[in-house]
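After this come two complexes, each holding subunit A, first together with subunit B and then together with subunit C.
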Partner chain A sequence: MSLLHLSFYSTFAISSLGLAFHRAHLISALLCLESIILSIYIALSTLPIENQTPSLTLMPILILAFSACEAG
Partner chain B sequence: MMYFVFFLGMFFVLGGLAVASNPSPYYGVVGLVLASVVGCGWLLSLGVSFVSLVLFMVYLGGMLVVFVYSVSLAAEPFPEAWGSWQVLGYGVGFVLVVVMGVVVGGAVECLKFEVMTVDSGGVVSVRTDFSGVAMFYSGGAGMFLMAGWGLLLTLFVVLEVVRGLCRGAIRAV
Partner chain C sequence: MKTTLLLNTSMLLTLLLILTPMLLPLLSKKLQNSPTTIIQATKAAFLTSLVPTMLFLFTGTDNITSYWEWSLITNFKIPLSLKIDQYSTLFLSTALFVTWSILQFASWYMIADPHITKFFSYLLTFLIAMLILTTANNMFLLFIGWEGVGIMSFLLIGWWQGRTEANTAALQAVLYNRIGDIGLILSMAWLASTTNSWDMQQLLPNTTETSTLPLLGLILAATGKSAQFGLHPWLPAAMEGPTPVSALLHSSTMVVAGIFLLIRTHPLFTNNQIALTLCLCLGALSTLFAATCALTQNDIKKIIAFSTSSQLGLMMVTIGLNLPQLAFLHISTHAFFKAMLFLCSGSIIHNLNGEQDIRKMGGLQKMLPTTTSCLTIGNLALMGTPFLAGFYSKDLIIENLNTSHLNAWALSLTLMATAFTATYSLRMTILIQTGQTRMSPITPMNENNPTIINPITRLALGSIITGLLITTYITPMHTTPTTMPTYIKSAAMLLTISGIILAIELSNMTHTLTQPKQNTLLNFSSSLGYFNPLTHRLSSLSLLNTGQKISSHLIDLSWYKKMGPEGLAAMQLTATKTSTPFHTGLIKTYLGSFALSIILLLLIH
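So, the complex of A and B:
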């Protein structure tokens, strides 16, 4: 596994653990959800770079739009 | 230069760790800001500058500001800060889980530094991320309309939920 793939994969894992083990405030669980979505955005942005297909670039933009819906 | 990208990746993980082991939401947002700034720099170093600037403007400037406003509505007078043993325990625990996962999954010997960057299209110099997002308007028009409709709907839902004063779901506003 390349080192950068490991970076966003472990960020996803750590944020999922934070979502599972939130302690006092419900809103810290929502913050962990935002961090999960951020790592998914980075992963989906590196996908068109590595496969050299530009049309996959609209997937992270769509994820941003739907995560704005979810944050609202 | 590749060590710079490596450090950007490490700071991304540190930002995620700061969000996961936050003592209170005020300090968790700091980790989110760090992670998104560093992620923006990471995407810039790979070459897709448009997508990274969209991340900056929409995520940091739009969503995080709205999130910080709503966090400040749920205010606590004495929030717990970073220097408590519980937070340190959570942070060390999360790092241990990830390290065990990497060792058991056998990813240690496969750690490479190679990264692929984006090309321009020869003489014509077409940026691939610009032309990719522009397909939102041609082939992805259906999803574009659905995303816009969802955002408009969410706006009205939130407006009704926080109407307050004996009419909304949240009456304390």
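So, the complex of A and C:
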């Protein structure tokens, strides 16, 4: 896969494993959650460009809104 | 001769004479009333009232006098107008004569009362209200008189206000009269909105069909005021008042106000067969019911009260036959002998030191000769003995009943009631006057007072000759039935005789009986048809129950507690309590499965 896909796919995988295994401090779980959200954001931003569907441009903003609600 | 001028002047003079004891004390401190002045005023008013009555009888002069006008709104005028016609002149003379005798009697009866002058002025106010009612030419004035007699009845029944029974009886009278007033106001409202007038002259030439609603209202008003069946319990209870009150109000004058209303408005009824049949059946039921209740009563005044109720039913039957003049004739003759019966009973009660139970009287014929003779005359007149006063009205009514095309049930009820009338009257006479004495040995028995004897004998004279006098001088408004089979002509007589025979047989049989055995019919009659406990308790119980259900149970308890705010909170609490066991909290396992799914994802790609 391309470099871009590798970057956010590996970020997602490592952050999820970090959320699952590092249980000593809850702040680490929070940071991992935020990085999961970040990787999803990057992926969703490149989605309309790659697949030529401009109507999906709103998706990353929505994801940010809902994740902010969920975290807060 | 200027008959109209003479008629008007004498009428006004009569009314002024009767108003004098009310007005003079207001003008000067020195002109206070006393029983004697009131009696003298009534006597003078009676003698003056003979002038318009004679004028009317001999020349047939009718008159309507309009004075002042209440202009409430521009197109609805209510003049203060008095109608002088057959009904009002005859009633005026009769009422004044009877009142004069009753007031004279009351000056002896109420002599021990400290407020005797107030009593007399109450009686006079009542009389004025009644005269307003009868001389009224429009419904407004009639309503004023109507309410006036109702209020005075309340005040007079509860005269001895220390007695609870007297207070409840007065309240009962007012409540039942009020229910009747609803009907009167309904008809007045209908008349005002449909015919735009409350004048009798404008309402009455209504020969086409009148709608039934105002007539039902008028019948309801008569039912309340004249104690027809359904609104009748107040009349026997009204015997709690002093005997002069019973004699004046509840025998001659007030209770006939309802019938008088129907007589005044009878042209409205002429073409409406529903209303006429209703009057007929209601009257028949009332007369039989009251006569049945009178059969087993032991209190003199209650027997006479039920007798009044029965005669009122008979008057209602006459209205139902579309014969208002005959009903009025019965009102006039009935006033005489009923007032006399009450006065005789008052004399007996006082002479026996307050004893009202006829089982404790006997042999009074020798001890109170005048009173008991007049009692007998009154009872004979009530039964319709030929050529006494009651005969002229009662026999005519029965004849007309028998020869009209009407409801057979109403006819048979009325005929049975006629027989019962004879029975209870004779029972009363036998138990009071004959046999050995059953009273206590020491009684203050003395009837040799002219204040008692004169009124009673005057009324006895009236009971004998009035029937003949009135029928001789009044032109009938309808043709009397002249040919009928013999058995129908003598039907009233035969029934009366059979009632007399029944009474004599029964009194012979039960002469030595101390306590009658109870059976269904006896219980029905002596507890007045179970009407009083049933209606008085049931109606108030159901009303209060419904009220409590709506206000307390429905609104307070169910809506606020079960369904409203507190109910919502309870629902949330239940939901929370149910879902708490589901949170088991095995975090490590959940995170482990999460990691497993991530690793699998990595392996696949």
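As a working rule, the second predicted complex is superposed on the first by the 71 of 72 C-alpha atoms of A that agree within 3 Å, B and C clash if a C-alpha of one lies under 4 Å from a C-alpha of the other, contacts with A are read in each partner's own complex, and residues count from 1 in each chain.
Heads up, the rule we're going with is that a residue touches a chain if its C-beta (ideal position, glycine included) is under 8 Å from a C-beta of that chain, and two chains touch if they have at least 3 such contacts.
Predicted, not measured: the structure shown is a model, and the values here were computed from it.
Report for A:34: first if it touches subunit B alone, second if subunit C alone, otherwise both or neither.
First partner only, subunit B.
Look at A:52 in the shared chain and tell me whether it touches subunit B only, subunit C only, both, or neither; answer first, second, both or neither.
Touch status of A:52: first partner only.
For A:42, using the defined touch cut-off, is the partner it touches subunit B, subunit C, both, or neither? Pick first, second, both or neither.
The first partner, subunit B, only.
Which partner does A:21 contact after superposing on A: first (subunit B), second (subunit C), both, neither?
It touches subunit B and subunit C both.
Of the partners subunit B and subunit C, which touch A:2 in the superposed model: first, second, both, neither?
A:2 sits against subunit B, while subunit C stays out of touch.
Once chain A of both complexes is superposed, is A:68 in touch with subunit B (first), subunit C (second), both, or neither?
First partner only.
Do subunit B and subunit C land on any of the same subunit A residues, and which?
After superposing on chain A, subunit A residues 13, 17, 19, 21, 23 contact both subunit B and subunit C.
Per the contact definition, I'd like the list of subunit C residues that touch subunit A in the complex.
588, 591-592, 594-595, 598-599, 601-602, 605
Which residues of subunit B touch subunit A in the complex?
Its residues touching subunit A are 5-6, 9-10, 12-13, 15-17, 19-22, 24-25, 28-29, 31-32, 35-36, 39, 42-43, 46-48, 51-52, 54-55, 58-59, 62-63, 66-67, 70-71, 74, 80, 86, 90, 94, 97-98, 101-102, 107, 110-119, 128-129, 131-133, 135-136, 139-140, 143, 147-148, 150-151, 153-155, 157-158.
Would you tell me which residues of subunit A are touching subunit C in their complex?
Subunit A reaches subunit C through residues 9, 13, 16-17, 19-21, 23.
Give the list of subunit A residues in touch with subunit B in this complex.
By the definition above, subunit A touches subunit B via 1-4, 6-8, 10-15, 17-19, 21, 23-25, 27-28, 30-32, 34-35, 38-39, 41-42, 45-46, 48-50, 52-58, 60-62, 64-69, 71-72.
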